[in-house]
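The following pair of complexes shares a single chain, chain A, combined with chain B in the former and chain C in the latter.
Take a look at the complex of A and B:
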């Protein structure tokens, strides 16, 4: 068991995957010589040479190349520096990757991974702070994961690279420096399985990515008022672990769904609808939705904190659900 | 055939040169203040300084009219100053104050002041290029006497939208100037890892427009090249590409840990500092006292601006009604 930073755990996954399989190829802006602006690929250029490449600033083309290279034997792992740049890759995902895996059936596989990171709270401004989870989770044929713990960062990235289908890995800029134990033999974490981050009986806080951390803080606060909150870390956004959601809601009968993307047509709305479809009879109160305000993310601290949800907002939502 | 109107003069007068010099010094002082404020922990998020590159943004905007539209990048401070924006309100925006040009909503990368024709910094690499191209389209279609200028880096020059913008602009003879600010790096990656050709101005030939390479540390050379390209755009002859060679003296941003720029390169370029080069010419023409007075006043302006901006209040949050997805939800706001 070693204590690892989230970024180190991702690095370990890349290193292991590249050692095990010579067809794994890493590319992206500043990933090779500099080791990635968030240091996730540090040392990999030295270890794997030309299988780790710096690229020009060409997201649209890079994503399309990841798709086509994966059809022809490579296992590309592409880093898109900020989730805010993911819209530049969308044609490759929605009109290429999504389509060929279906229309050509079993004749091809598309084993590529796009790693990116989103999230706000650090004063990076409207074009570097978004979480566009629903943009990718919306696309049939893609899998989408969002690890919160270092162990899951390693395990989900390993699973993503091994998967024969496209996987988008949504990291969070405020998680890279968080530390926790990662088992020495941490292997792939199966895609599509949620994790109960904290057991509880009164209300389910169903969260994704760093919002799990805020939900845990909210659960602490609720505990002070004698409320037992369960925190469910979805880990995989698509395919969704509906069973885990239903199990939790059946137990607590109250649900708060939490996601850092915008609310309208956002990922939290999907969670809410899923609960309606699969656990309506278990509910004692309407589902509460917590998401980023439907507006661009402002720069100044006093504005940014008013837009991105935190433990206070989640606590208030839980109290509304229980009222 | 009607004869083309005579070309406007395309060299700055000595007074114009002195004003550009002042603006370069203001920009440099602004960058230094920001460096110090960052160290003191007063700033938020990364800040991209343009130390050593001031002649590009200042010289280019010096050759334009107030009504001309300019777009820039995440590294746009020289352009903001060149376009006539006030240091006090720029600094207030960068510090996230209510008194900033955009009320603290934008931060340093997205400052816009349409009344100045300052149509935004942009933190999406490459996006300043089609932005200026579209502003040139509106001028052409509306028959308005204004042009647009895009500044962008050598990294941005490799994006698809750069090439697509140049093609459309040349095809439709749009009144736009493409000013490629080549500072040798895109984030931490040297230009040689980004393009198979070292000289990027030659790409203009592929789009049938004039392209030239200039000394981006010579503010007069930048002014002259942009004045020529702007005149061509105003005549309706279409776009031009100017590759201004310069060098980034500070890190990519205040969060850059550095280590990849060689000491020799830094020393070589420091010897060609745009402010030093410009000062030598001006001192020769106007005498040392006059130039130093201007520099001193510029530094004082920025120091006072920084102090005032820090004392300004943070903005109060107000929801953005046009972003609200629900009808009637904004009633009464």
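Take a look at the complex of A and C:
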């Protein structure tokens, strides 16, 4: 058992996957010589040579390359530097990757991975701080994961690379330097299984990505008032672990759904609707939705803090649900 | 802030709301005064009502000329600021059904949550044909919980946002009942055995308890019951009043006989009451005992000072035949308990000890056979052949009907056959055995009735003999 940074855990997964399977290769902007802007691919160029390649700045082309390479039997892992640039990849995802399996039946599989990172809180401004989770989670045929802990970062990336279908890995820029224990034998984490980050009985805080960290802080505050909050880390955004959500809501009867994407038509709305569809009679209060305000992410720290949800906002939402 | 809304026939009604006058930080206001009455003509700008906001009384003006057609929030009511206070129509006929809630854009008053979404509970509620005041706002979980325990949400006070009933409110409503039940639960078996003072000299078995002086309370049990049925309230009543319990014919320790009619059945009861020479009594009858009590009151008006009828038979036609048959058949506590529990909302109030006590007399096959015959005579084919409704009009003492809203044996709606003079207590989340399920409530009702019957000179009013 070793203490690892989140970025190191991702690096370990890439190293392990590339060692085990020669068809795995990495490409993206500054991933090779520079080791990735967040240093996730540090040292891999030295270890694996041409299997780690720098590319020009052209996300639309890169995504199409990932689709095409996977069709030939390779397992490409593409890094898109910021989730804000994911819209440039959408044609390859919506019109190619997600439909080829359907159009050609079982004749082809598309075992590629796109890693990207989103989220705010580091003063990166309106074009480098968004979480566009719903853009990719919306598309049938894609799988989407969002690890929070270093152990899950390694486990979910390993599972994503091994999966025969396209998987989008949503990392978070504020998680790269977080440290936690990662078991030496940490293997793939099954896709589609949520994790109870904290057991509780009064209200369910159902969160994704770094919002899980804020939800845990909110749970600490609620505990000071004698409120027992359960924190559910979804881990996989698609396919959704509906059973885990229903189990938690049936227990607590109160739900707060939390996602760092925008609220309107956002991923949190999907969670809210899912609860309504599957657990309506368990609800003792309307589902509370916590999401980023419907506006560009401000550069100024004070404004950014006001726009992106935090433990305060989650705590307030939980108290409203319990009112 | 007003919104005209179309009526079915094209006329327009306008909703009066407090609007911006309440101030930005107010959620609710309290109605202090209405300056006009329904039907009054009003002019635009005229002060029609006064409401209390955070710091001051605020005048609410009529949004337009017209007629005040409805007051939707009475004086004293606390309402959300976006809720309608009243309606102004072109004439007094405009109704809530035709004027719907303030329309889009009329209610930007609900506080915004940090993520920018509006608070739903404070938003105006859709009327959708129901009266505003009648609609129950309850969470889905609270509704399911109430249904499970047989609680009527009408009786529950909601403490959630906008008065929404939450699970905790249902739990709180049940708690009062549970406290009474827990008081009952530890009773050891001997409590249920009739006290030693059982007299065999009368046509029917008589059991006395309580003080020697005072106006006695006569308790008449229901079909298939006996003196043990009263244990919960007998203990309470006997603290202050002599309590006399009869075992009805074919029940408990009274003789097993065959009767051709209710008229025959009542005869030994009248004879026993006459033989008691106890003077005027307050009479409480349950179920079949209720019909007996009412008949007694009609035949012996001078001996019955007041009358409490708990879930009585004889006021309607239907009765659950399966339960009656099940009670008759039961030859052991294990087979009796499920049928007794069918009669109550919370099965916990039929303890094993109670069932064993109730079974003591029923172990006699002769008693069970005579009760089966009695049921066939009084309740053939799930129908009540007794009709004592006319008697309610012929007696003059105070009468209280006590009925559980969840009574599945004898529906509470039979109470609607009673004349207006008769008081009706409808008990939420109570089945056919209110004296077992909510003994404190039933005791209080009986005590209130006794107090009520004790004042005034009623007999003189009707020219009778005291």
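Structural remarks
Going forward, the second predicted complex is superposed on the first by the 323 of 323 C-alpha atoms of A that agree within 3 Å, B and C clash if a C-alpha of one lies under 4 Å from a C-alpha of the other, contacts with A are read in each partner's own complex, and residues count from 1 in each chain.
We adopt the following convention: contacts are C-beta pairs under 8 Å (C-beta built on N, C-alpha and C of every residue); 3 or more make two chains touch, one makes a residue touch a chain.
Bear in mind the structure is a predicted one, so any value in this text is a computation, not a measurement.
Contacts of A:60 after superposition: chain B is touched, whereas chain C is not reached. When the two complexes are overlaid on their common chain A, residue A:84 makes contact with chain B while staying clear of chain C. In the superposed model, A:316 lies in contact with chain C only, and not with chain B.
Of the two partner chains placed by superposition, only chain B is touched by A:299; chain C is not.
Once the two complexes are laid over each other on the shared chain, residue contacts for A:72 go to neither chain B nor chain C.
Touch counts on chain A: comparing chain C and chain B, the chain ahead is B. Within chain A, the residues touching chain B in one complex and chain C in the other are 293-294. Chain C contributes residues 113-117, 119-121, 139-144, 160-161, 164, 166-167 to its touches with chain A in the complex. Contacts from chain A toward chain C in the complex involve residues 253, 263, 280-286, 288-294, 309, 312-313, 316-317, 320, 323. The part of chain A that touches chain B in the complex is made up of residues 29-30, 33-34, 37, 54, 56-58, 60-61, 84-85, 122-128, 264-265, 293-296, 298-303, 306-307.
Residues 44-46, 96-97, 104-110, 122-126, 155-156, 158-160, 186-189, 193-195, 260, 314-317, 319-320, 323-326 of chain B are the ones touching chain A in the complex.
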